[in-house]
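You will see chain A twice below: alongside chain B first, and alongside chain C after that.
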Partner chain A sequence: MFLKQFLHYIYKLVKNNNGEIMDNNEYDKLVKSIVKSENPIKNILIAFISGGVMGVIGEMITRISLNYFEITKSDAYFITFAILVFVASLLTGLGFFDKLLSIFKCGLIVPSTGFANTMTSSAMDTRSEGFIKGIGASIFKLTGSIILYGVIFGLIFGLIRGVLL
Partner chain B sequence: MTYYFRRVYINNKYSLLSSTKYNPIVKDNVDKSMHNYYLNQKTIELAESKYQEYSIQGLLLKSGLVSKNIDLLISGDLQNQILASTLASSKVNIPTLGIYSACATFVEGLCIGSMFLENNKGKIIVTTSSHNLVSEKQFRFPVEYGSIKKRVNTCTATGSVSALLTNKKSNIRIESATIGKVVQTNHMDANDMGSAMAPSCAEVIYKHLYETNRDASYYDLILTGDLGEFGLKITLEYLRRKYKMSFNNVIDSGSIFYKDENIYAGGSGPICLPLVLFDYIIPLKKYKKILIVATGSLHSPLSSNLKIPMPGISHAISLEVDY
Partner chain C sequence: MYIKAFLFCGAVCAISQYVLEKTKWTPGHMNTLLVVIGCVLSGFGLYDKLITMFGAGAVVPITNFGHLLVTGASEGYKINGIIGLFQGVLKNASAGISFAILCAFINTLFFKVKD
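Moving on, here comes the complex of A and B:
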């Protein structure tokens, strides 16, 4: 027993490990060799088709509202936007939208439906924390950046268009 | 540092599985299985504390004790400021230590409890819980937000597990424990927690075997926490490259947790390892010497936003099981 412990002590001295981990770059290479990045082509194709279908639906709503109501074109776009946001929010509230999204991918995220989903889901999550500190404070938690940079870049490009063209 | 224990036993356990989505492997063996995210509570956070309360009370009932027989409750979970544990322990009236090391919480609790029991007599309950929706909300995106899942994502298990530690002899003995260090690499992707935890897991396995002067074949089974299928591969490759060690007795409880084929790399959460250990591995009656290595990724939404690489921690405990 004593001899075994002594041998172990010698072994520890010889094979000293001062607890340094693998070099960071080497570890990154190891991770990359095992976690293969997924092939985006399939997702891109799905998003291309589903995004196109969304565009067709939006255009249909615009045309229909232009034909049936006597409104201007910009009003028709507004109606389209409102309908898409309403449907997406409703589906989010009923719990279907994330399942749809896992099938149709970015085709549903990039149009205004993605915006509606983000906003509604943030609001639903914080509903239990109250109307002011919960919903009011957090509804734009993820979409706030879309609004902020949308306004800023809208201004910039508006200026460019107004000055240069 | 490795600590040896002579008289610490796991006497009883109570496991509550609250989500049967994707068909968990432990579904038939747990003490109570249901599919209920709310348990008549107003919010999911309160529901998680209810899970924990149920599992503590279930354990007391199962082992024929009342709360005043218990000297210490060690509990932890994944919520902000371990809210679920705090609420649950306020209901059961036992002196409490709250701990946090993400998904390694349960094994950290076992380490602390064993050290307490080695020098004192007493009864200790170690408990932990996790809730899929709470951790989605806490660490990822809002629950109904349709984020696109990657193959490396893990799916947090829902439920609660409690274990009773005493000096009274039983068939599961805690033999030794190695407490691991926090290991930080350059890894930043918060979706891929397996790669953040793998180095700490490999280091603690090596350290345990080195300090106890054992071979990998000494253990019938090395059960890691919730590395996921990629994390397990990285750990084994890490050990092979850095320490020239090869293992053929490692199972990752996260990767085997869900039986159904799904889009995730496996299960995660602090209850993943204890559920698989108590309700899948031990009922198999196959493995006598088991090394459990719980792994946790100590990142938070704040640390991800500050672009701090994800730190990982692991603790190992060696169990001797008689059948």
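Moving on, here comes the complex of A and C:
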């Protein structure tokens, strides 16, 4: 919708400046070619299934690591997290993650794979600018907000939890 | 347990997809909101119940990151008061953050952006 309004605005601008009027049908065709109509219900269903599969994969890794190593449950959850982050980071590096993301939508953003993907991709984008100004400056470009608000709300609700429970 | 994990993780993903469809938010907004929701749920002790109910289904989403921050802070508060709050807030989440940073850095060294 937003894009459509934007295009309409540009269309008006062109019309006013040059006096060349685009045909209405032509304009509609242009909008249709740019805005691909995606069915939101289908996307939600895809996100539900792919997210569920991610949950099942996490559960499987947890079960397997609990069976094979003598570790506590929280350590097993860390191994799950680590494997998901490693795989997502590797796939981002190889360049497959964006293609997967366009298929599976939120199913890959919400799990910790999304966290790893944003971190790796923002670091890779500015790699050419060097270690300090490039990688160092931008590795937390997008994940920084997660850590910032996480820590602030973590302090507030940690205090509440410490007092209440 | 697998079915429970599937349902919970799928539901969280479906709700966030719905929010993304209805608003102009980016995935970054969504992840931040989910972490804050995790913090709030954990602050009142609800997230522990979710983890015992849904197992890894509640651990895989990014909301668990907020839970780790809150549990670390509250454990620190019990040991060392207000100072412990600041000492402990990143304690439990530290493993996850450090590992993610290491992975991101190594992958950045090995791969270049393809275009």
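Keep in mind that, in the parts below, the second predicted complex is superposed on the first by the 125 of 165 C-alpha atoms of A that agree within 3 Å, B and C clash if a C-alpha of one lies under 4 Å from a C-alpha of the other, contacts with A are read in each partner's own complex, and residues count from 1 in each chain.
Just so we're on the same page, a contact is a pair of C-beta atoms (placed from the backbone, for glycine too) under 8 Å apart; a residue touches a chain by one contact, two chains touch by 3 or more.
Computed from a predicted model, the values in this text were never measured in an experiment.
Chemist: Looking at the overlay, what does A:Leu100 touch: chain B (first), chain C (second), both, or neither?
Modeler: A:Leu100 contacts chain B only, not chain C.
Chemist: Return first, second, both or neither, reflecting whether A:Asn24 touches chain B, chain C, both chains, or no partner chain.
Modeler: First partner only.
Chemist: Tell me which partner A:Ile34 touches in the superposition: chain B (first), chain C (second), both or neither.
Modeler: First partner only, chain B.
Chemist: Should A:Gly162 be classified as contacting the first partner (chain B), the second (chain C), both, or neither?
Modeler: Second partner only, chain C.
Chemist: A:Val110 in the overlay: touching chain B, chain C, both, or neither? Say first, second, both or neither.
Modeler: A:Val110 sits against chain C, while chain B stays out of touch.
Chemist: Should A:Asp125 be classified as contacting the first partner (chain B), the second (chain C), both, or neither?
Modeler: In the superposed model, A:Asp125 contacts both chain B and chain C.
Chemist: More residues of chain A in touch with chain C or with chain B?
Modeler: The larger set of chain A residues in touch belongs to C.
Chemist: Do chain B and chain C land on any of the same chain A residues, and which?
Modeler: 43, 92-93, 95, 105-106, 109, 114, 118, 120, 124-125, 142
Chemist: Can you check the complex and tell me which residues of chain A touch chain B?
Modeler: Touching chain B: residues 4, 8, 11-12, 15, 17, 19, 21-22, 24-25, 27-28, 30-31, 33-35, 38, 43, 92-93, 95, 97-98, 100-102, 105-106, 108-109, 114, 117-118, 120-122, 124-125, 128, 142 of chain A.
Chemist: If you look only at chain B, which of its residues touch chain A in the complex?
Modeler: It is residues 42-43, 45, 137, 141-152, 181, 183, 185-187, 192, 195, 199, 203, 206-207, 210, 213, 230, 233-234, 237-238, 241-242, 263 of chain B that touch chain A.
Chemist: What does chain A use to touch chain C in their complex?
Modeler: For this pair, the touching residues of chain A are 2, 40, 43-62, 77-78, 80-82, 84-86, 89-90, 92-95, 105-107, 109-112, 114-116, 118-120, 123-125, 127, 135, 139, 142-143, 145-147, 149-151, 153-165.
Chemist: Once bound in the complex, which stretches of chain C touch chain A?
Modeler: By the definition above, chain C touches chain A via 1-2, 5-14, 16-18, 20-21, 24, 27-28, 30-32, 34-36, 39-40, 42-45, 54-57, 59-62, 64-66, 69-78, 85-86, 88-90, 93, 95-97, 99-101, 103-105, 107-108, 110-114.
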